[in-house]
C-alpha cells in the first residue's frame, strides 16, 4: 500500500529516532532545562541567523498556535487570518477557547495580502465606534498555506511592512515549513522568514520528528514568562529534552532541508505524472500537498493500492482529492502510482 | 552520579523504546484512530476490569488535569481538592485559566477525607446565598499524593460514597499510579481504583513512557465529544499511535506493575538506610518519593555524587530534602548512597 | 434639535420613571428576590402565554447575549449567526471572550434562513473530521435584525423547525422587540415568538426603560442555576427590583406595545417623506430604523437641526445614513424634518 | 419594620433621584460620552486631588472587580487577597471565570498586612520552580473590609510600599467607601486613598445611587482601551449618563460624605446600645456594619420588628448576627431597636 493521505503517518526520521535511542537512558533535568534543548535552540537560532532571538519547543501545532496567539494578543484583541486558515477551521475553536476572535479575510488560494490587511485596519480605525469592535492585535499566516501555496519574498515583505506600520506582530505557522522552504519556484529561505515576521514556528511533526514544533522569535520580549505560559496552556513537556534531541538532529547535517527537498521532489514528480495523464489541478501547489480532480472511476481503481483523502465531499462523476508526500514516502511510490494510472 | 531528583529524568523503559523502534516506519492514521491505540485501550480496560468503559490518551499531566476537569465541570462549578494538590500549586493556574475555581481543603499528609468533603458540601448547601458562591462540581485527589502517601481502600470508599451521595464525580490523578499501586502496606489494585472513582488517569510519563497519560472512565457519558475537547485543549497528539504503542507495551507482560514494584522497592531500601542512619522523615511515604530531614553537612557531602532536591528553602543547620526513585534508578544506587553516608 | 441617532438617547418612559419614583424609598431584598420582580415575571410570562416558563432580568444587551449564549453552549460549541449580527460585529468580542466561536452565515438584509442553517449542519456532520471543527451548538437571530428587517412567521417557523430537528436551541435577541412586534406588514406577536424559539429576550433599554432586558424561556431546564450564572458574568443587579419595577410597568396598561407602535409609526412617516422626496433606501426597513442614501448636500443642510448617524464611511457625493425613532422622539419631529427637506 | 439587613435595600438618595428625574427627557449620546459623565469624572478626580487621573463608571461591584482585575493582570498572573475577600467568597467565581487564580492570604478581621504580602512574594521568588506556579500580579484589598474594619493610614502606606517595591498594582474595592471614609477612629480621606493605591473604586450602589461604581486611577496607562474592555465584560451601560448624573450628584454638595457620615453615626449609636445592653461583638467594626452575638431568645423577639441577617449558621443558644445601616435607615430606627431590647 502507498500512503499519500497526509504527512504525519509514520514515526520519526531514522536519524531522529537514532538520536532518541542513543540518549534514552541518560538522566537530565526536565522541562527543557537540559543540554540537548540548549543545543537545539542554538542550532536553530544560528540557522535563522539570529544572535539575540529566543526559541521554545512545544508538542503540537494546535497547542503552539493557541499558546503563541494567546501570548501575543491582549484580552480584547483578535487575530487577522485567512478564512481557510487552520486556526479558523480545524483546531476545534482553540483560539476562541482562550478568548480571542479570529478576524477572517477571504483567502486567495490559501493566502491573504498586504492590501487586505491594510484595508481591514483602515476600516477599523476609521470607525469611531471601534471600541465596540474587536481590535486587530496580530496577523497569522501559514507557510506553506493549508492549500500548499507559498508566499513570495515580495508578498511576505509587503505583509510584514504593513503589519509593522500598524504595530501588529506577524506570526507564521510553519507546520510544513520544510516543504515550504523547498517549494518549486519559492524564493524564501529560513533566515529570510525569520527576519520577515515577529514570531514563527518550525514544524517538526510533519517534517521528521515524532512530534514537536519550534517557536522562534527575534524579539524575546514579545513572549515574556513564556515557559510558565506553556505550562498554563498544558504544553510544557516534562521530558523536554525529547524536543531538544529531535530538533538538534533536524538541524544537524542539513536534515531539515533534506527532508523538505525530498518531500517536494516526490510531490513534483506526482504532479507531473498526473498532469501528463490529463488530470486537472484545482490548486496548483508547489509543495508536498497536491490537489487534483480525478474521475471517480480512476479513484476507485487506484484506491486499492494507494491511500489518499477526498477534499470535501465526493462528486457524482469526479471528485477533488489530495495527495501528500513526506520524508517517509518511499521513493518508488510515484512510479507505482504511475503504473496504476 | 546517582539521580534521585525526580522520576522523569530518563527516556522510556527499554521495552517501550523497543516497541517505538519496531513500529517507527509504519504508516497509520493519525489522532489515535490507529490499531495500536485501539489495542492499548483494550488492554487497559481489561486490566481495570471494565467492559463498558472508555479510555483516552493525552501527552502530559497538567494537560490531562485541565482537560478532564474542564470537561467534568460546568462553567460555574469548582473542584474540591487538597491545598497541596498539584493542580492548586504547580500547574501554573491551568485549572483557573479554563475558568474554574479550586476549592481547597486542608491536607493531612497530602490527603483529604470524606468527612472534610461532606462538611464543605453541607456548609455550602446550608447557606441560602450559595448562588453567590462557586458550586462544588467535582472532587480531585491524587494517588499517590504529592507527598507520596496513599489512600487506603477504606478511605477511598468513604470518599467515593460521599461524592456519590452529593452527585459529584470523583477524579483521581494517577501521575505516579504505578508506584501507588505498589505502595508499602497499600491495599488497592487498579481494578479497585477503577471502580472507586468516576474518572482517573494512569500516568505514563513518570512510570515508563517517554510521555503520555491514559484517562479511564467507567462512564463514557461523563466525557462527551472528548476527542474534540482534547483538540480544543491543544492536547490531541497528531501521531496518536505513539501513545497507543507505549501504553500497549506498559500493559503487556505486566510491565506497568514491574515498574511500580521496582521503584518502590528501591525507595523502601533507601528509607531503611536513612532511618538506620538516624535521619528523620518529615513525611512517612510508602511510595517512590522519600522525604527526609538531613543535616546540611550531610547534604553537602553526598551532593557531589547524588543529585536530589530540597523541599522548600534550605534551613540553617538541617534541611528538608526529597529522594525519588523510578524504573530508571540503577539497582546499585542505594548501595552507593549507603556507602556515601 | 431633533435626535434621530439611535433609540437609547433619553431616560425612561415617564410611566416607568413614575414607578421608580413611587417605590424609591421602600426597603426590599436584593438580587431580584423582591415582589416587584416576581410580579414583572408573571406579567411577562402571561403576555407570552407561558404557564411553565421562566424569566430573568439583566441590565444590558451585550451582557445578556454573552450570558445566555455561554449558558446554552457547551465549551466546545459555537453559535450560528448572521455575519452582520450584533454579537459578531459590535459587542467587542464578548462571546469569544467566554470561549465560543461565532459561526457566521452570510446575511440577507440582516436575516439568515432555515436553508442556510440546514446546509451548514449537513456539511458539518458530513465531514468525518468534524471533531477538529467547532460544533454548532445553537442558533442566534435578532428580531428585528440590526438592519431593521423582521422575520415573517413562515420564516421563523422554518428556522425553528430546522433547529429542533438538529436539536439546537434557537435564541432571539430582542433588543428592539417592541418595534419588531409592530413592524409594518409584520405577522408575529409576542406569544408566537415565545413559542417559536427556546430562549429570547425582550429589550427594555431601547424600548422604554432606563436599562434592562428580560430573558424568557419556555424551558427553564435550559438555563440551570442561572442566577449564579448571571452573578458569575457580572450581571446580577444588586437592587434587582429596579428591573422588576420597570418591566412590570412596561407590561402593564399595554405600555410595551404602545411604545413599539409609536416608534414605528413615526418611522413609517419618515420613510414616506423621504421616499416622496425621491431619496433611495439601501434597506427597506419596516421598523424604527430607516436606512437611506442622501446627497451630501442634503445631509449638510439638515444636520444643523437633525442629529443622525452615517452608516459606514461617508461617500464623495452621497452617503448612507440611518434615522432611528423611539418612544422619546417628539411627534412633531417628522414634520420638522419634512420642512427642512 | 426596621430594615438593617444590608445597605442596598432602598432606591437612590432623594437628591440623586431628583437629578435623574430632571434630566430624564434629555437626549444625549450613549456609552458615557455625554456631558454629565464628563462632569462627574471631573468632580471625582478633583475630590481625589488628581489632575491627570482617569475615571470610569460601571454598574455593579462584581462586574467592576472582574473587569479591573482582568485588565490589571496578565493571563498567567493571580491576585493576592484575603481569604475572606468578596472576590474569593461571594462573587460566584467571577475572577476565576476570566482565568485568574486568587492567591489567598489569611485575614485578620478582614484585613491583610504588608508583612504577609512581602512574605508571599519572597517565597514565590525564592522558589526556582516558580514558573510552575501562578505569578502574583496584583494585590486586592477592600476598604472597609467585608467585616467592616478599615486600614489605618500606616497600614495602607506599608501595603502600598510593599506592592510598589515588587511592582504590583494595588487595587482597593470601595463598595462601602463612604462609610469607610467616615469610620470611627479612621484616619484616611479620599485624597489619601487615591494616592495610596494604583486603582480603586468608589461604590455607589451601597452609598446613595440606584447602582454604579466609579473606578479611579492616577495611572490611566494601567487601564488601556478600557471602554472596549468594559464592553467585552458586558459592563458598558448604554445610557451611560445615568452613571454620570448619579455620581455628579454624589460629588456635589458634599453628598457622598454626608451619606457616609450619617450611616456610620447610626451604626455607632447601635453599637453603643448593644454594648450597653451587654451583648458581645465578634468583630469590633468602626463602620456601618455591626457584628454581634445575640441570644436566640433576643433574636426571636426583635425579629418581628427588625429585619437583619444571621452571620453563618444560627447557634443552639446564641447566634452571630449582622446589622447594617445606610443613608436610607430612618433616624428613629436605633431608638426603636433600643426600646425593643
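Letters are used for the chains, namely A, B, C and D, taken in the order the chains are written, and counting of residues starts over at 1 for each.
Methods note: contacts are C-beta pairs under 8 Å (C-beta built on N, C-alpha and C of every residue); 3 or more make two chains touch, one makes a residue touch a chain.
Just so it is clear, the model here is predicted, and its values are computed rather than measured.
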*Which chain pair is joined by more contacting C-beta pairs, B-D or B-C?*
B-D
*Please identify which chain has its centre, taken as the mean of its CA atoms, farthest from the centre of subunit A.*
D
*So what's the Cα centroid distance for subunit B and subunit C, whole Å?*
50
*What is the distance, in whole Å, between the centres of subunit B and subunit D, each centre taken as the mean of its C-alpha atoms?*
42
*By residue number and range, which residues of subunit A touch two or more other chains?*
75-76, 91-93, 97, 99, 131-132, 228-229, 231-232
*Hey, how would you classify the chain contact layout here, line, ring, star, complete or other?*
complete
*asked:* Applying the document's contact rule, which stretches of subunit B touch subunit D when the two form their complex?
replied: 75-76, 78, 89-93, 96-102, 123, 126, 129, 131-134, 313
*Going by the contact rule at the top, pick out the subunit A residues touching subunit D in the complex.*
70-71, 74-76, 99, 131-132, 135, 225, 227-229, 231-232
*Which residues of subunit B touch subunit A in their complex?*
1, 3, 5-6, 8-12, 14, 17, 20-21, 23-30, 59-63, 66-67, 91-94, 97, 205-206, 210-211, 228-229, 231-239, 242, 307, 328
